[in-house]
Amino acid sequence: MSNRFIPHTEEDIRVMLDRIGVQSVDDLYNDIPAEVIFKEDYDIPSAMSEMELRRHFSELGAKNRTLKVFAGGGVYDHYSPSVISHLLSRSEFYTAYTPYQPEISQGTLQYIFEYQSMISELTGMESTNASMYDGATAAAEVMFMMVASVRKKNRVLLSATLPENVLEVVRTYAGFHGVDLTLVPEKEGVTDLEAMKVELRAGDVAGVLLPCPNRYGIVEDFTGFADAVHEVKGMMAVYADPSALAVLRTPAEWGADVACGDGQTLGMPMQFGGPYLGFISCKSHMLRKMPGRVVGATTDASGKRCYVLTLQAREQHIRREKATSNICSNQSLMALYATIYLSLMGRKGLVEVNRLSADGAHYLHDKLVASGKFTPAFDKPFLKEFTLKTGLDVKAMNARLLEKGFMGPLDLGNGMVEFAVTENRTREEIDEFVNIILEA
Amino acid sequence: MSKVIEGLLYAESHEWVKIEGDIATIGISDYAQHALGNIVYVDMPEVGDEVTAGEDFGAVESVKAASDLISPVSGEVVEINEELEDAPEAINADAFANWIIKVKISDPSEAENLLDAAAYAKLCENE
Amino acid sequence: MKYYDKLIFELSRPGRRGYELPAGNYGTDALASLPGNLLREEAPELPEVSELDVVRHYTNLSNKNFGVDTGFYPLGSCTMKYNPKINEEVAAMPEFSALHPLQGEDTAQGALELYYNLQRALSNIAGLAEFTLNPYAGAHGELTGLMVMRQYHILRGDTKRTKVIVPDSAHGTNPASAMVAGLEVVEVKSKPNGSIDVEDLKPLLDDTVAGIMMTNPNTLGMFETEIVEIAKLVHDAGGLLYYDGANLNPMLGKVRPGDMGFDIMHINLHKTFSTPHGGGGPGSGPVGVAAHLVELLPAPRVVKDAEGRFHIEGKNDKSLGSVSSFLGNFGVMMKAYAYILSLGKENLKNVGPMATLNANYIKESLKDDYLLPIEGACKHEFVFDGLRDKSTGVTTLNVAKRLLDYGFHAPTIYFPLLFHESMMIEPTETESLETLDEFIEVMHKVAKEARENPDMVKNAPLTTPISHPDETTAAKKPILSYRQLKAEQ
């Protein structure tokens, strides 16, 4: 009966049954109606030794291809320093549960406090929660947060230039919960301020969600947005790339009340879609409406500085159906990931990552435009991601790139293609990439 | 044994009301503050908001509990106790001295549904 | 070991660095080309530290933590089983970790095969038709499952079904998930043993009911023996049954939720399938459904064609929409898949029985000192209502804190709300008889201390890195960042 993860010997089982006073383990299931007892074997493979398991994963892995990535769409191939995986593999971190017992969870509580501090620095906001599942679900929660903060208004405006995955998830949540959504159209690749003002004047607007950078990679100019939203007593939220906030004007500087986004850009492996983390930061006046766990600093009985989960009275385990959200976990280990990444990069390193990525992206952009085969889709500022128009056969181009080990641009349709470059790409790779594209 | 004051009206959800003319002053009872423990935050409406009898107008939070504030009467909020923003623990010190909101009553007949001190004391005893 | 309490910010020295980047040699200055008003005015105050500073700092923090690898973690309802090390290793393989979620199905056939196989394995283990692996956690699975429930009624034009029945003993997440999904919660009473009161349920089942949410075994670790009748009642009334998979572990090898009549369920991979809790996440909360609900599942989905190739399917016209950016927490799924293959069909079926055996062994060994409100065989966990001897004034909280001094994690305390002094203990199947005996011995010792020296127990813990923190001040005047902390000092 014993297995490497189940230690029970026949002798152990006998001793335990005797103590309990039953004849067999089956007796412990006597209360279950016989008709629902599962009597077959599971239809799964036979047990594998560690060697067999490793071989199996190698075989599966061989059916994947690791590519030199020149696309983004919300997930970017940033470099992960070696230190992070070493520290994350300390099992005191990863085999712990939620820090419900603060006396023996100060490690987790303190790194979450540091995480909150760092994200607040990036967004410019006063408060950040302990993290959400991903950027898109964080955006959906921000939609609820804005509706909850503004009495008797139930409409949220979404910029059409938000990333598609964010729009999809927010729409799903809104549809079931019952929030009215209105899409603010784009004009020349950016959110149309005049169209937004029309919607604001139409009334019932609790808040507005805007992207930074947007779905085309454009860094939008939000001059005048916050004033327009606040004039009708609405809230302004910005969905931002936290890495880019090392250099870009922050949501707080734009006058936003809330910021959210996806932490993947903070050096996290792409991992075929997750785990990453979502973040939410807000100004103090929104704090009590912010969902999720929050860690605060306090002192213990002897006056030592320490950290605890706080503001728990907002949460589902206390407020049940009146809670601000149903979330009852956070992406804790990924928050540690982001914290260690930001500690290593520091205030200068994160700027350098942005500089190197943006320099590479602009280099690629200029080479493609200079070839005459591509034109800018919009004449707007960008950092590491940009959209071009081309008359080339996009499918054929991407197939050619794939053959040489490159992930080509995302195909947005109508001859529009979106490229991304990170500090993980080199000038030589970019030159080769361009040559393959221009072979046609 | 928690304190109950004569002359006030009480709701079954543990709010007290003092009616003077068309103004109702509303707080939570000593029983309620005791049940919640150390109060850390009072979520209050804004002046000018409408409240409805039987519906919540805010919440009181302690470290590990939260309780909705249910309005015993309908009307318009004319004043909120701003001192509670910085010192919510005042309710623990004296729940009757530290009111939460004042409401201009729109339907005086609603007060007839509330309990007097004796009936409320009995309710607390049975909980 | 010396006490360490510095924040990473307090190690910072201007000019120190923990990174090196290559020179770009692009000959461009992209940042300078951006209009000035798009750039931030003030630099973020991130620390400037060396690589060793970072390594030592977080190693020191890890020493202030307690995990499953540190010691026994009998946290009820959380299934803190051992997290196999090989799982961590395979999940970090670059052949998987370097995959971009949009790189195309042709170049990710191995990842998709794993994903598809896990969907199939979970479907078989649950006795349901199909699974989506998109939800990121248990609560997220609940929300997704309830969206499936609502979508089912909406597509049938039965739009008045907006209520969901939830037992009063349920975890707070159930009603909260219902609220987010736009459903109204109706509570059904529990009997003294924590089971649903069928007589109380019957009058609730009208034509506004979308379904019921249940765990089985329930919050007290007791099997809902009337489940077959409950399923018939709910189905006859036009509702669906949702199974909260939080307590699935003792059912492995014994009962499948689908066979009990459940239509929808979520599984916590971080509980039943051994993926680490990570200090609170990331988890993964796959949702399974019966055959008539498969088309309603969220997009994207992974499917297999007749030639054995794997594909990522977008949204169909019945799907409820999307609940995740991409395919969910793939890295977590890899670990659960490795666990299922490691145990295989021969051992997976022993998980439930051995978890149940361990729980009953502790229960029977401690009921002389601790008050057992419900007799009879429990499943993976059980609840004590504090110490039997209430005269000492020693509470469940005191016992929990004293356990920390003895090197054990505390049980789940003050949940469920059915008892005043709830202490919920779940040992899991990965713990040996010797570990259980050590725990039992310490629990007896604490009971003895409570009789002989109650004040000492009330002051516990006495040996942890910090003593009891001031939670009232933390909630009253929240300090949530280093910047706020500095401003206070």
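A, B and C label the chains in the order they appear, each numbered from 1.
Just so we're on the same page, contacts are C-beta pairs under 8 Å (C-beta built on N, C-alpha and C of every residue); 3 or more make two chains touch, one makes a residue touch a chain.
As the structure is a prediction and not an experimental result, all values here were calculated from the model.
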item	value
Chain separated most widely from chain A, comparing mean CA positions	B
Contact-richer chain pair [A-C vs B-C]	A-C
Length of the line joining the C-alpha centres of chain A and chain B, rounded to whole Å	42
Cα-centroid distance, chain A relative to chain C, in whole angstrom	19
Whole-Å separation of chain centres (CA-atom averages), chain B against chain C	38
Per-residue multi-chain contacts in chain B, two or more chains	40-41, 61-64
Chain C: positions in contact with at least two other chains	471, 475
Where chain A touches two or more other chains, by residue	312-313, 318-319, 322
Partner chain C, residues of chain B touching it in the complex	38, 40-41, 61-64, 88-89
Contacting residues of chain A [partner chain B, same complex]	151, 288, 312-314, 318-319, 322
Parts of chain C lying in touch with chain B, wherever the complex brings them together	471-472, 475-476
Chain A contact footprint on chain B (complex, rising order)	40-41, 43, 45-46, 49, 59, 61-66, 68
